[in-house]
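Per-chain residue numbering starts at 1, and chain names A, B, C, D and E are given in the order in which the chains are listed.
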Amino acid sequence: MSWQVHLPALVVSVPLLGAFISIAMVKPRLRNLWFATILVATTILAFLMWRYVAINGTLVYVMGGERWNLTLPSGMTLPIRIIMEVDAFGAFMALAGSIATLASGLFSVRFLDRVNDGNKFVALFFLLFAGMLGLEVTGDFFNFFVFLEIASVASFGLIAFWRDRPEAIEASFKYAVLSTFVALIFLIGVGILYGVYGTLNMAAIAKNMQVGFLEKLALVLFIVSLAMKSGAVPLHMWEPDAYGQAPAGVSCFLVVVGQASLYGMFRIAFSVYGQAFEGSVLAWVIIVLGLLSMFIGVIMAVIQKEAKRLMAYHCISQTGYMLMGIGLGLLALSSSQAMSEYGFTAMKGGIFHIINNAMYKGLLFLTAGSLFYATGTTNLNKLGGLARKMPYTTFMFAVAAAAIAGLPPFNGFVSKLLIYESSFVVHPFLAVVAMVTSILTLASFVKVFQSGFLGPSRDDLNNVREVPLSMVVGMMVLCVMIISLSMMPNWVLANLIEPAARDLVNQASYIQAVMGSGL
Amino acid sequence: MKGPRVIFLIFFVIFVGILCQGLYNIHPYGEPRVSAMDDYFINNAQSERAANNVVTSIVFDYRGFDTLGEAAVLFTAVMSVAALFRKEE
Amino acid sequence: MRPLSIVVRTICNIFAWFVAIFGAYVILHGHLTPGGGFQGGAIVATFIALLLVAHGGKSFLGWVKKEIFSSFEGAGLVAFVCVGFLGLSTTFLYNFLALKGGLFGSAVPIGPNAGVLNSSGTIALANIAVGLEVVGGLSAILIFMFLGMRYVSEGGKEGVKDDK
Amino acid sequence: MINNIPMLTVGALFVIGLYGVLFKRNIIKIAIAVSIIESSTNLFLIVLGYRTGGSIPVYTLAGEFKKMVLPTPQALTLTAIVIGLATTALLLTLIMLLYKHYGTLDVHEIRRLRG
Amino acid sequence: MVLGTVYTGFGFWNVYAWVMFFALGALIVLFLRSTGRGDYEKGTYQDEVFYGGNPVPQDGEDLAVPASSSYWGFTKALSRFYDVLVSIHTGILSDYMGILVVTVAVISILILL
């Protein structure tokens, strides 16, 4: 037994420990060092976990059990302890999320010097990190709820971090009420499943699942609450407010936290309900949510004039691509012919889009943050001619904008291509909406580029200089990731995306990992 | 602003009706359907973990990780309140 | 917050300590009786709240620094996580003390019994750690909200300062 | 029907809370309504685990008992209560700051972010 | 060229083909640039801005098109659609909660029936 079996526990508890200790850091230099250390350590742990899962298959870990893989105690048919279950999809999400977090953390180091209480920012940042990773490794419904709450509460604090700005408090308050309510209906869903099956483990519930009225009701509550947390369209109103008002590093981070909720939704739809759920209503609900998110998100983004608010609307529309891609996979789940025809391709596209979005959307938020750092505003009407003064930021922005718009050499194009071609098989309308969305995305980023970076230089921005080195390094991490994802798409598809898609589809192996190895 | 309120009220009634139907369907009050996991706790908490209080043995041992998370939520709330009421810069 | 009248303060000085002691009892007997770290911690935090209300914030903060509560909280949580890490030779949060003899290691009679204080392993340790954390955390929330009241009432105008 | 009164209480609390969140204008009342929904959820979990005639799941000086109520929902409820406490504290803090900045508690006037 | 090729199930796509395409474009641009006039000098009348014959404003703010004017025609043409869409984002928390409840109800009707 190598120490690596403990990785699912370590990957959550190390950032938690970092958060608890960080309030004792008195000196700013020490605190920054601690911040960077824990971030890098957790990223390495996430990478090791991904590698372990890639080599050894699905990893289960029994919290506090006699053995790490003793999921069923003798004589029991139900697991009794909390079980962490990491398959390739979860490990992939954790890896993508922690890379984006590393970048936003490096970006935020200099930001900490400007505030009075950097320790609290660091603690909240780590807690949000732990919450996000916990969502992605857990295999237990109630534990999922707990991590959802950690992530939510930490993000309320971080969104409102600039408490002297009324808008930040307002955004945080709206998000807080909505997300508390949504977490409560999630808990009601968990309670319903507990009342019916007497257990809280996802795999055990999946094994005994017989879909009736109660299960469907619980499914509705889960889907709606997680769709709201990830910002799908009829429930997206909080997202532009929150992402637009949070500090820039946090906005970059909130993107991956939203994707963690999306992960939970797919996990419940595929691994818990899966083939037990007859008919294609669920898949169509997810696809329609995706379509609405794509189109309305981007169409609202075109008319925004605040850079971060515009990017937040784009975040909604990118969420739509993932919802549609994976919803198409769910549509094809019951027939293997449809799966090989379009379903698997669509899922590959959707999952590839998750990592792409984490990288380029994070980078865009970081460039918006450095615009704010340098000029003090993100209102596009007040910016202009910054390309000469901030060459690195301009370059990064151009790369990220090209990638998000799906211009050919970049990675955004690959995932969008996979989604276009597979959705065209199901119905041409889906592909048309996806393409129109892509075009409007390009249009709105051309607008940002034109009014923010191009044009003659303004008198009131004469003193603007390039942002400090650590911020550039933070952006550079994501930029390098984007370029390498673009330059070797087939390696990425074969090693990162395909195992994740295969494990997500394969409900039997998910159940087997927990329920099969009992004595 | 009269219109949206009425729509919300209608759908509010629908949602609550569905939810109450679900609550009614779960099981009769006082007779849980399945209790294998809970019976395991009740029978084995004393012999496995030497804990007289079964609830505490669940909170801190069998589902200890939840409790860690919950303590972290409280910590998060304290940190958020402290960050929002921090000293003036 | 102004201090309350002398009657309230005197009564509070005498009886608040019983609250604290009862809270400590609930924390320490968490593995035997109903209650535990959270409940006991909340009771002890009531003690702090009583003192804060009766004597007013200014004199209370003259006696105790608010950093003490933060450090209580941090210490409790670090202790809890360390209990988890110490079990790591088996699994995270493994109960490595129960039924081993030694600290909190005695067995208990099966069935209803009078209770053995020295039992249940890390459950008792975690109870104490969480108790510390909750005392610190709830008191810190109270104190920060008290301090925040001043911040809220003195401003009142919007958008005071735009801290970049 | 009479046996299901705890379930009905859950439903009634949920309705009251959700009505408050949707149709009340004072943000403190909205926070209270969120707390009421929280209570209904906690009560729901407790109700799930009740067994008729069961005693509390604590062996210390338990005396004679036939069966115990299910302990897991109680543990879950403990966790959910603390989480609810944390979110309520944070909501109240945000309300204090909102009052400082906007000078009002009416939810219809706190709408600077729109469009 | 196996490296960089992605098979989508319907066709394939290669990233290096695109990179080479862009490199070719860059070469052409460089070639065109090299054929430019040799008597160009910086700092003379040659790089002055031509502003329709009018005097050029000193501050760049007067020259730039503000971001809220971009795509004016587009938003104008779709203004009825946009009015509806913007009016949904009222900024009032109660409305957001109401939309959430409506969504739950609609999805539960769809899935439960």
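Following the convention adopted for this analysis, a residue touches a chain if its C-beta (ideal position, glycine included) is under 8 Å from a C-beta of that chain, and two chains touch if they have at least 3 such contacts.
Remember, it's a predicted structure, so these values are computed and weren't measured experimentally.
Q: Using the touch definition from the top, list the chains contacting both chain A and chain E.
A: Touches both chain A and chain E: B, D.
Q: Taking each chain's centre as the mean of its CA atoms, which one is farthest from the centre of chain C?
A: The most remote chain is E.
Q: Counting C-beta pairs in contact, which comes out ahead: D-E or A-D?
A: It is A-D, judged by the count of C-beta pairs in contact.
Q: Could you please state the distance in Å, as a whole number, between where the Cα atoms of chain C are centred and where those of chain E are centred?
A: 54
Q: Rounded to a whole Å, what is the gap between the Cα centroids of chain B and chain E?
A: 45
Q: Measuring centre to centre with CA averages, how many angstrom lie between chain C and chain D?
A: Centre-to-centre distance between chain C and chain D: 22 Å.
Q: Could you put a whole-Å number on the gap between the CA centroids of chain B and chain C?
A: 21
Q: Please output the residue numbers of chain D that touch at least 2 other chains, ranges allowed.
A: Answer for chain D, listing residues that touch two or more other chains: 18, 21-23, 27, 30, 44, 48, 58-60, 72, 76, 78-79, 82-83, 86-87, 89-90, 93-94, 97, 101-102, 110-113.
Q: Which chain E residues touch at least two other chains?
A: Chain E, residues with two or more chain partners: 86, 89, 93, 97-98, 101-102, 104, 108, 112.
Q: At least two other chains touched by the same residue of chain A: list those residues.
A: Touching at least two other chains: 9, 13, 16, 20, 23, 63-64, 115, 142, 146, 149, 153, 156-157, 160, 163, 166, 173-174, 177, 181, 188, 195, 213, 217.
Q: Please list, in label order, each pair of chains that touches.
A: Applying the touch rule to all chain pairs gives A-B, A-C, A-D, A-E, B-C, B-D, B-E, C-D, D-E.
Q: Where on chain E is chain D touching in the complex?
A: Those residues of chain E that touch chain D are 86, 89-94, 97-98, 101.
Q: Name, in rising order, each residue of chain D that touches chain B in their complex.
A: 3-7, 10-11, 14-15, 18-19, 22-23, 44, 47-52, 57-60, 68, 70-72, 74-76, 78-79, 82-83, 85-87, 89-90, 93-94, 97
Q: Along chain C, where are the residues that touch chain D in the complex?
A: Chain C residues touching chain D: 32-34, 36, 38, 108, 111-115, 141, 145, 148-149, 151-153, 155-156, 158-159.
Q: Can you name the residues of chain C that touch chain B in the complex?
A: 30-34, 36-37, 70, 73, 76-77, 80-81, 84, 92-93, 95, 98-99, 105-108, 110-111, 113, 115-116, 119-123, 126-127, 130, 133-134, 136-137, 140-141, 144-145, 147-148, 151, 161, 163
Q: Can you name the residues of chain A that touch chain D in the complex?
A: The contact residues of chain A facing chain D are 142, 146, 149, 152-153, 156-157, 160, 163, 166-167, 169-174, 176-177, 180-181, 184, 187-188, 191, 194-195, 200, 240-241, 244-245.
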